[in-house]
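Next up: the structures, one after another.
Each of the two complexes below includes subunit A, the first together with subunit B, the second together with subunit C.
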Partner chain A sequence: MGGTAVSLFRASRRLGGVILIAFLGAVLVFFVMRAGHGDPALSALGDQATPEAIEAFHRRWGLDAPLPVQFWRWLSSALIGNFGTSMTVAGGVPVGQLIASRLPNTLFIGLYALLIAVTISLAAGTIAALRHGRLIDTVATSGAVLGISMPDFWLAYVLIYLLALGAGIFPSYGFVSPGISLAGSIYSGFLPALAVAAPMAAAFTRMLRTALIETLHRDHVRVARSLGYSGAFIFVHYVFRNALIPYVTVIGLQVRYLLGGTVVIERIFGIPGIGALMVDAAFARDYAVVQACALTFLVCVLTVNYVVDLICSALNPRSA
Partner chain B sequence: MRAFLANKLALVGSFITGFVLLAVVIGPWLSPYSPTDADFLALLAPPSLAHPFGTDSFGRDVLTRVLYGARVSLVVSASGVLAAALLGCSAGLISAYFGGWSASILMRISDLLFSFPSFVLALFLVIVLGFGATNIAASIALVYLPLFARLARNMALVVKEEAWVQAAHLMGQSTFSILGREILPNIAAPLFVQFALGVAFGIVIEAGLSFIGLGVQPPNPSLGTIMADGREYFQRAPWVLTLSGVAISIALLGLNLLSDGIRDVMDPKLKARL
Partner chain C sequence: MTKGSNLTRRETIKLAAGATAGLTVPWSSAFAQQGTTLRAGIAGFNVINTLDPMKASLIPEFYVIYGAFNALLKFNDKMEVVPDLAESFKVVDATTLEFKLRKGVKFQDGSDFNADDVKFTLERVADEKNAAPNRSKVATIQDIQIIDPYTVRIVTKAPFAPLANYLTNTRTGTQIVSRTAVKQMGDEAFARRPVGTGPFIVKEWKSGESLQLEAFPGAFSGAPKVARAQCPIIAEESSGMTAILGNQLDLTSTAPFADVPSLEKRPEVKVLKQAGLNIRYIAVNNKKGPFADIHFRRAVSMAFDREVLVKAVLFGEGVAIPGVLPPGLWADPKPTFGEYVTFNPERARAELAKSSFKAGTEATMLVWGSNWWRRMGEIVAGQANQVLGTKITLQAMDFNAAYSRAKAGDYDAMVMGWIGFVDSDEYIGELVGSKGFRNIHNYSNPKMDELLERGRTEMDPAKRKLVYAEAERLVADELPVLPCFCSNVHNLLRPNVKGFVQLPYSNFADQFGSIEIG
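Then we have the complex of A and B:
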């Protein structure tokens, strides 16, 4: 019982750290955004707008108040779920509603890519480690180095060329939301997810292979072998479990690259996600939307890292 | 150094990286074509002996543009990562050596920057700073700053306890001389590995930003703008996008192999961690 209380305490302390980082992120995003050049009034009203019209626009959106006041207004309403209203990119639509309609698409592609990357890397990493130094190991490691050397958006076009335009198996553009049809989203999301997944799969494979090879040569594995346990039993119980900790840690570290990768991929395949929204809002200088997108990404990464942390301490009770 | 030469990865990596650097430095002089002048007699010509990478919609030689563009991309990425290395290492070393509240503030900032998806952070900074090569370099620098600060800090915390550092301290060497002469040389190799990896990923960030139109502005080519052009007529002339992407991959492959090799040489047990 005591152990549970300690790990609960640890988990909640970590959660406090996560909330602090999220708050600092909100401060950073808000003030840096306003320090930049450009005026949303100009992009909403055009360069020919009269000073009176610009002033009226500022007053309507509360941009005439001092910055700390603006920040407080934004933060206090954000805490009750009101993230403001889109000024230009989708005039008048609440930002929370925009994010809520876009986030499932980004999460779907992200999880889909993660699933592909984990599947490929578990198979490739395990085979490469068990056949260490053989031809199949060389093929897997070379493939992994090639994989991390390909920009994902370039790979996306190669996939479109080969599998969409060439073989005609997958659509080259457009995405069916998972809310409308799950089968449709699995089918139309395959190429984008694969493009995002490839560099991840390569990085995960390298990590898993290294971790497995290191563990295979540890003393406790040798002892188990000399005691006559079967190879499969040793691998599952003594090798794989230990190698999982660095593997899961790397997945946590790579999630920031994975989510970053979805931004360009969403533009290429026309997926209405958070990344595509952020770029559109960037061109339109829509403060509230850019802010909300950046913070949504931040919260996604923080959440994943928090979960990874919990998994790692479950896998390795000593670290608690 | 002998270990370095005996390591196949390091050798192949430095060969490819050297080849890329050579191509980028002298390639544009060797090319008979201009990267920006249009040739309306050779629009979208497929790859041939005269144009190994084909031509684009203005009849410009794609290989020439890739060589000029790689210059821009490489300079943008390397200067960004270099700035990050200089600032990040100084911050990391100082916080490791002095500790206290400055160190904890530094680590919180680096935690924060580290929690944004890297491309989203770069995108956000380019939105704020404005488009263009200098601002991309600045945003690459900010993406890498926390990484160098953490790495330098963590390694310096270990090295500073070593006997020779204590000895230098007792012999009355100044703090800056200890940081520069005793600590920095001993943590330089992992920092260099991070630098090589950083330049590789910086090229991808630059290409990605330019690709969605937020980066280096045309007609000046960068690898990203060439790929963005190629995207417009991808179905009619797939070679523009495909071959310029191959050029990026070759540069990345060289840098990745080089850093793998250096890491193996430094620590034979820790093969290819990431």
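Then we have the complex of A and C:
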């Protein structure tokens, strides 16, 4: 009972932390966006806009009010779930609606990439650890170094040239939303997901390999071996489970990069996700859209970190 | 571990690829059918705010508007102004144009087109309350007289030579809208589902993603040959290129300069190109900093080689220009380049000696946009620094930030372009006229203003060109901006696409009505 109360307290304190960080993030994005040069009226009206047209635009969107007033207006409506209206990238469309239509695409590519990265790394990391020092280990490790060093946008173009334009297996551009066709999204999302996944797979593989090798030489494994348990049993119960903790932690940390990767990849492949939306909105000074996208990203990262913590404590009850 | 789970990374990828490749069929059915659907990518742009011609200002907005609307006039394949919604037009006197309108023209909502729509459209653009970006183009109109339902007279306050150009289906905002539709829908709704007389109806518009256009069989220009047009908005020009190479598109609105030479050798695409109606230049601050000194401007202008820019920035896809007019508007097809717009290191150094700013002078040039804009700044600044010993440094930002700074007068120099316009006054008048809205250079010269005024009121096209040629010589002498080059316009087509005629002002959907996919 006492334990439950403690973990409840911990969970709620964490939740409070998440909310505080989200709020600070919102403040930061709001004021940083406005600190630089630039004017949404320029993006919306073009440079032949007359001063009167620009003034009318500012009035219409409340940009003539002092910054704290603008922030309060935004915050008070954001608190009740209204993130405002797009000024430039999708003039007149509610931001909530934009995010709702685009978030599934980003999440899909993100999870797809994660799945690919985890699959590859589980296989490659395990093989490399078990064949430590042999040729296949060298191949897997070198592959991992290569994977980490390749920028995702460069890899994206390599994949397009090889598998889309060269072999003609995948489309070179375009994405079918999972809402329209799941099969279509799996097919058209493969290259972008792979481009995002490759550096992650490399990092995961290295982590898993190191953790496995380290655990393989720990005392409890030696004891288990001396007791005559089979290799496979030891590996699954004593080695793998222990090595999973740092592995899962690294996955949690990498999710940030995953989101960063989707921003670039979405533009290259024309995936209508919130990464591409945020970039477009930032260039067009569509403040409300940038704020909502940044907040969405922030909440995603915080959620993933939270979930990773939960998984880690489930894997290792001692630290809970 | 068991042998069965020993998958190498390569095998895993292969497996995954194989599994997903089997899913080709549902993907393609979710996508467009070839032949009946034109897949036309709007490449290199990401923002479309409005499809109401009155409010539109950005090139990609007009790409679509061209196909959904018609104007009274249009440009034909030879870039001559010809009637479109008008059947004919004539000059009544120096301030009056009379238009006979086509009869039996239907708007996309089924309503009839007549003189009332013309009056409504133009008055709507001219109305100060609407703050239309293109208001200045119709601001000189004093009166629009409906003689009968199919005859309209447009009376201007003074003779206004550009008027005919401003009534074409280009970046003018004077595309004719249906009064009934605007009144019924309201401005906001009309901007998203516009109603014009053009061959394509805007069916669906996903902001920042794509537009779906549907053929309008009742178009007066004839029923389109394709049933619909699907236009993804592709932010990266290079992605537009890979999309058409991979047969995900039939047509693109642009192509990256650097790739044009190699694209021309590929059988999967046809490259259409010609000298465009555009200019690229270095905008300079004529009020403040070293560029306020005419000798410094001349020295820098003589210190870089425009031919090198064309080769290194455009990969040969353009021509050097001696002023601020694109070649399509030159009076003389081979104009002489003035002394100060010709590369000459000796003369440049001699000119710098006359300036109060010497070698070692520091200045900042703002660069923005895709790579080639940056390269343009690098070469100009690099050559100037090498020849003159100046210290011009680059500062990279996005266009919005750079232009905002320039407008506020907080800059020395900036790479700049002005594209897609059809009248000389839109270039030279807006750029260096003391009241021009593109005059971020703070340049003001009564002699220039007088020439520009003559250009606006001279109704004889041949004489008008000579006026602008004189204004160009003044630009080349005083250098309110440093002219650089005009670039080619490009479209990429799949070889089976027929009937797209490229025009130099960067046209697009206006051609969809005649496109056939073999």
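Definition applied: the second predicted complex is superposed on the first by the 313 of 320 C-alpha atoms of A that agree within 3 Å, B and C clash if a C-alpha of one lies under 4 Å from a C-alpha of the other, contacts with A are read in each partner's own complex, and residues count from 1 in each chain.
Basically, contacts are C-beta pairs under 8 Å (C-beta built on N, C-alpha and C of every residue); 3 or more make two chains touch, one makes a residue touch a chain.
Note that this is a predicted model, so its numbers are computed, not measured.
Student: Identify the partner contact of A:I234: answer first if only subunit B is touched, second if only subunit C is, both if each is, neither if none is.
Tutor: neither
Student: For A:S149 in the superposed arrangement: first (subunit B), second (subunit C), both or neither?
Tutor: first
Student: Tell me which partner touches more residues of subunit A in the superposed arrangement, subunit B or subunit C.
Tutor: The larger set of subunit A residues in touch belongs to C.
Student: Does subunit B (first) or subunit C (second) touch A:S86, or do both, or does neither?
Tutor: A:S86 sits against subunit C, while subunit B stays out of touch.
Student: Have a look at where A:Q48 lands relative to subunit B and subunit C in the superposition and call it first, second, both or neither.
Tutor: Touch partner of A:Q48: subunit C, not subunit B.
Student: Now for A:D280: first (subunit B), second (subunit C), both, or neither, which partner does it touch?
Tutor: Only subunit C; A:D280 stays clear of subunit B.
Student: For A:A78, decide between first (touching subunit B), second (touching subunit C), both and neither.
Tutor: After superposition on chain A, A:A78 lies in contact with neither partner.
Student: By the touch definition at the top of the document, which applies to A:V95: first (subunit B), second (subunit C), both, or neither?
Tutor: After superposing on A, A:V95 lies clear of both subunit B and subunit C.
Student: Where does A:R267 make contact in the superposed view: on subunit B (first), on subunit C (second), on both, or on neither?
Tutor: A:R267 contacts both subunit B and subunit C.
Student: By the touch definition at the top of the document, which applies to A:I251: first (subunit B), second (subunit C), both, or neither?
Tutor: After superposition on chain A, A:I251 lies in contact with neither partner.
Student: Give me the intersection of subunit A's contacts with subunit B and its contacts with subunit C, in residue numbers.
Tutor: Looking at subunit A, the two contact sets intersect at 36-38, 157, 160, 165, 267, 279.
Student: Touching residues of subunit A toward subunit B in the complex: what are they?
Tutor: 20-21, 24-25, 28-29, 32-33, 35-38, 141, 145-146, 148-151, 153-154, 157-158, 160-161, 165, 203, 206-207, 209-210, 213-214, 250, 255-261, 263-264, 267, 275, 278-279, 282, 290, 293-294, 297-298, 300-302, 305
Student: Considering only the defined contacts, which subunit B positions touch subunit A in the complex?
Tutor: 108, 111-112, 114-121, 123-125, 127-130, 200, 204, 207-208, 211-212, 214, 227, 231, 234-235, 238, 241-242, 245, 248-249, 252-253, 256-257, 260, 269-274
Student: What does subunit C use to touch subunit A in their complex?
Tutor: My answer: residues 1-2, 5-9, 12-13, 16-17, 20-21, 23-24, 26-27, 29-31, 46-47, 49-50, 57-58, 128, 131-136, 188, 191-192, 206-209, 232, 234-236, 239-240, 242-243, 245-246, 248-249, 397-405, 430, 437-438.
Student: If we count contacts the way the header does, which residues on subunit A are in touch with subunit C in the complex?
Tutor: My answer: residues 36-39, 42-50, 52-53, 56-57, 86, 88-93, 98, 101, 116, 119-120, 123-124, 126-127, 130, 136, 139-140, 143, 157, 160, 163-165, 168-174, 176, 180-181, 183-184, 186-188, 190, 194, 201, 231-232, 235, 267-270, 272, 276-277, 279-280, 283-285.
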